[in-house]
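Provided herewith is a single structure, encoded as structure tokens, for subsequent inquiry.
A, B, C and D are the chain letters, set down in written order, and residue numbers restart from 1 in every chain.
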Amino acid sequence: MDHSPAGPPEFVLQPGRRQRLGDQLYGQILEQIVSGRLREGERLPSELRICEMFGVSRPVVRAALSRLRADGLVQARQGAGTFVLHRPADRLTRFAEPGQIAQFLRCVEVRLPLEAAAARLAAERRQEADLVRIEAAQAVCRRELDEGSLRVEADLAFHAAVASASGNEMFTDMLHHIQGVLSGFMRLSLNLTRTGSTARAQAVLQEHAHIQYAIVSGDAEGAETAMRFHIGQARRRMTDRNRDL
Amino acid sequence: MDHSPAGPPEFVLQPGRRQRLGDQLYGQILEQIVSGRLREGERLPSELRICEMFGVSRPVVRAALSRLRADGLVQARQGAGTFVLHRPADRLTRFAEPGQIAQFLRCVEVRLPLEAAAARLAAERRQEADLVRIEAAQAVCRRELDEGSLRVEADLAFHAAVASASGNEMFTDMLHHIQGVLSGFMRLSLNLTRTGSTARAQAVLQEHAHIQYAIVSGDAEGAETAMRFHIGQARRRMTDRNRDL
Amino acid sequence: MDHSPAGPPEFVLQPGRRQRLGDQLYGQILEQIVSGRLREGERLPSELRICEMFGVSRPVVRAALSRLRADGLVQARQGAGTFVLHRPADRLTRFAEPGQIAQFLRCVEVRLPLEAAAARLAAERRQEADLVRIEAAQAVCRRELDEGSLRVEADLAFHAAVASASGNEMFTDMLHHIQGVLSGFMRLSLNLTRTGSTARAQAVLQEHAHIQYAIVSGDAEGAETAMRFHIGQARRRMTDRNRDL
Amino acid sequence: MDHSPAGPPEFVLQPGRRQRLGDQLYGQILEQIVSGRLREGERLPSELRICEMFGVSRPVVRAALSRLRADGLVQARQGAGTFVLHRPADRLTRFAEPGQIAQFLRCVEVRLPLEAAAARLAAERRQEADLVRIEAAQAVCRRELDEGSLRVEADLAFHAAVASASGNEMFTDMLHHIQGVLSGFMRLSLNLTRTGSTARAQAVLQEHAHIQYAIVSGDAEGAETAMRFHIGQARRRMTDRNRDL
């Protein structure tokens, strides 16, 4: 990584290689948790031991563990080590590589503040046309669910309609920019739903309804909370098999 | 800007034309405020009157007024109309077109949640290398300011260093994606500083120091607040000539 | 309620009489909405007209309308007036006076930031004994619901357990200080439930479960969001007959 | 602590004795940091060692360390132990007992969400009379500072004026309820100022001005941020001698 501040700004923002090494380690530990080789409640090897096992430096191990904690998969107990907290559904790795799953969970951290802010502004500024568009998107979600399966396009259209209602096209542009990762996340999520229960799809629809209700009511704080709740639940449905009804 | 060509739902996220019409109207009212034809405390014409003057529909007028309110330039008083609240410095329009200024202020609404979230995560996850990078960026800002002028690259490098310290490269990627608008905002802001007072540049440096202090201390809430404060102040310095020391 | 007699600035914090006049007006408009004399979608009289009808000044009318907006009962549409947005269930006024209802809804605005902050800290600091206490409180809620009715004490005990898990006894003290209003709110809410559907009580229980899950997982942001969602839903169940299943 | 959920609610919310034991330990470690026996950058004894030294159980030690972390005085480095991060000014303990200082810092955690929410609502709802009252309070602060010393009453009156502008008297009531601790905090803070530099008092005044500006401008988000910034800085001025100019 070049930190030269005089450089052309393009360069400054390039993600370094260190992150990717942490990603690899993250993926391998994730795989062990998904496969059940590391069971819920079990203690992970010490940082030092992981360094030796994977031939990486301590900062790399800490970065990987920090991400697993942020994803709610493991938990650090001061002085006692790191323990497996939740185990994703087995079928998760049938549909996605660990590296992709890691990327989807990274994406959640960006979506949370971004879409929450868009939902708040949408409640403050939405015009009649915005409400029509949101209802149209939600109607498609309802119909598809009734017919048996919610498509990525319908889910994405709902989120795009909320972003657009913010009256600031940069929110739409941002969603568009991460659309690849976002679609992947939704596709995986919906695949899990198809092979899982309908209760799961019902939950998605109900969470959308809470967001829509707050925006229609002009309740800025409620809209932000409902969006945060929805995206947070989406993460949990992916990382905790017990939440994955 | 490269938009991933991936999915079919491309059209879903396309910003509509209505926004752009609102932008034009926004720009014209902004110009009248900057030029002083509309003075602080003065009442804007009624919505209906603006519709007639500009030959646009009511929703377009409302969208434009809503943005001016969000930017802190005008204020609605229930039942009494809309009044000019703050007036930007005259020299603002020497350096940028109203359309650009509108875009810079739109950008603030996206930066606020995004960079605030990155700063929070940075305080939670920063590693030694991150702190070194942030201090290096801030040291360049200090030196340039001492030598007479802070460059965009130095300011941008500080924000990039914070985003990188979040440990989630998507924050860096997002900043990179909006780098064009972001640099424009910073350039305008720094141009105002060069022609303005050094107190203004000192304020930028001190706000950076608050962010850095909170990240070093591992104070997540403090880091989020300091970043929100900094970006909010940057907006005020642009929109209020009295803040533009 | 015991107010520390300590300082001389006692008078500084005394609520003024103007608020109480606004309360009266608030109560009268609320009654008209609950009774159905003002129907959903209907426009309220103009500010000026309300001034004349109730013999009060404009600021008093604005304060009352501002509260009705904050409670999600009415909605201002710029330039078009104020409209009834949601109508509480008829039976609401069977169980409480408008003045009490107003007070309960005021209380929500204080509980939201306070209990959300406590839930966040609880996720960060909870010790084993805290988790046991939270689970015990939630178990009582589950059992009482199975047996037909959730009591105020059980609901309150859950919230007290979360506040206590924050590790900062001032949160407990604050809840204790507003316990009178809080119990009133919960009693009214549970009365509505008893005469309403069991779906409503199930929702309360599920919202508690989300809070508990996030605290157990050490998910600070999730805990704050789940608490905000829960308290926000409690307000909606009270103010919108269509939410009051 | 009695967890019986059937009990009279008064009992449920009583803070237990365990907290107070943690307080004592907190105070003793704080004293060692203030006195300089534990220096900045130095490592604290291990949890186990502290258990032995003070004859307390592990949860008590963890509670005390958790508070010291929350106050920004110490920092945990995963796998390496807990280190002193900041050292308060020597003269801090001339003016207050460690137990009081602990209580003041606890109070910050409650004030932050509470006063931030009040400031946000104030920006949304303030009426002319509120703005007059806030300016009057701030004018007194300015004058007193010019004359050499800011009194607790003036500082408190500013915060009371903001709470009152929220239009929800429960915020005022809450501030009134914690007025004893709040005044103590402000008194200590102002005592430090009197024996310290005027730059410190200037900072308080400027932070007030930011809050006032956002409320006058009707900038809800800005008002919340400015209040969070102010209270956060007040904490830092108390816990970090290098911030205590």
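As a working rule, contacts are C-beta pairs under 8 Å (C-beta built on N, C-alpha and C of every residue); 3 or more make two chains touch, one makes a residue touch a chain.
Bear in mind the structure is a predicted one, so any value in this text is a computation, not a measurement.
A.B. asks: In this assembly, which chains make contact with subunit A and also with subunit D?
C.D. replies: B, C
A.B. asks: Which chain maximises the distance between its CA centroid and that of subunit A?
C.D. replies: With centres defined by C-alpha atoms, farthest from subunit A sits D.
A.B. asks: Quick one: subunit A and subunit C, Cα centre-to-centre, how many Å?
C.D. replies: 31
A.B. asks: Go ahead and note the Å separation of the Cα centroids belonging to subunit A and subunit B.
C.D. replies: A distance of 27 Å separates the two centres.
A.B. asks: Please compute the C-alpha centroid of subunit B, do the same for subunit C, then give the distance between them in whole Å.
C.D. replies: 35
A.B. asks: For subunit B, write out the residues touching at least two other chains, lowest number first.
C.D. replies: 62, 112, in rising order.
A.B. asks: Given the complex with subunit D, which residues does subunit C contribute to the contact?
C.D. replies: Residues 1, 3-4, 6-9, 12-16, 18-19, 59, 62-63, 66-67, 70, 106-107, 109-110, 112-114, 116-117, 121, 124-125, 127-129, 133, 136-137, 140, 152-154, 156-157, 160-161, 163-164, 166-179, 181, 183.
A.B. asks: Under the touch definition given earlier, write down the residues of subunit C that touch subunit A in their complex.
C.D. replies: Listed in rising order, the residues are 69, 72, 75, 85-86, 112, 210, 213, 217-219, 221-222, 225-226, 228-229, 232, 236, 243.
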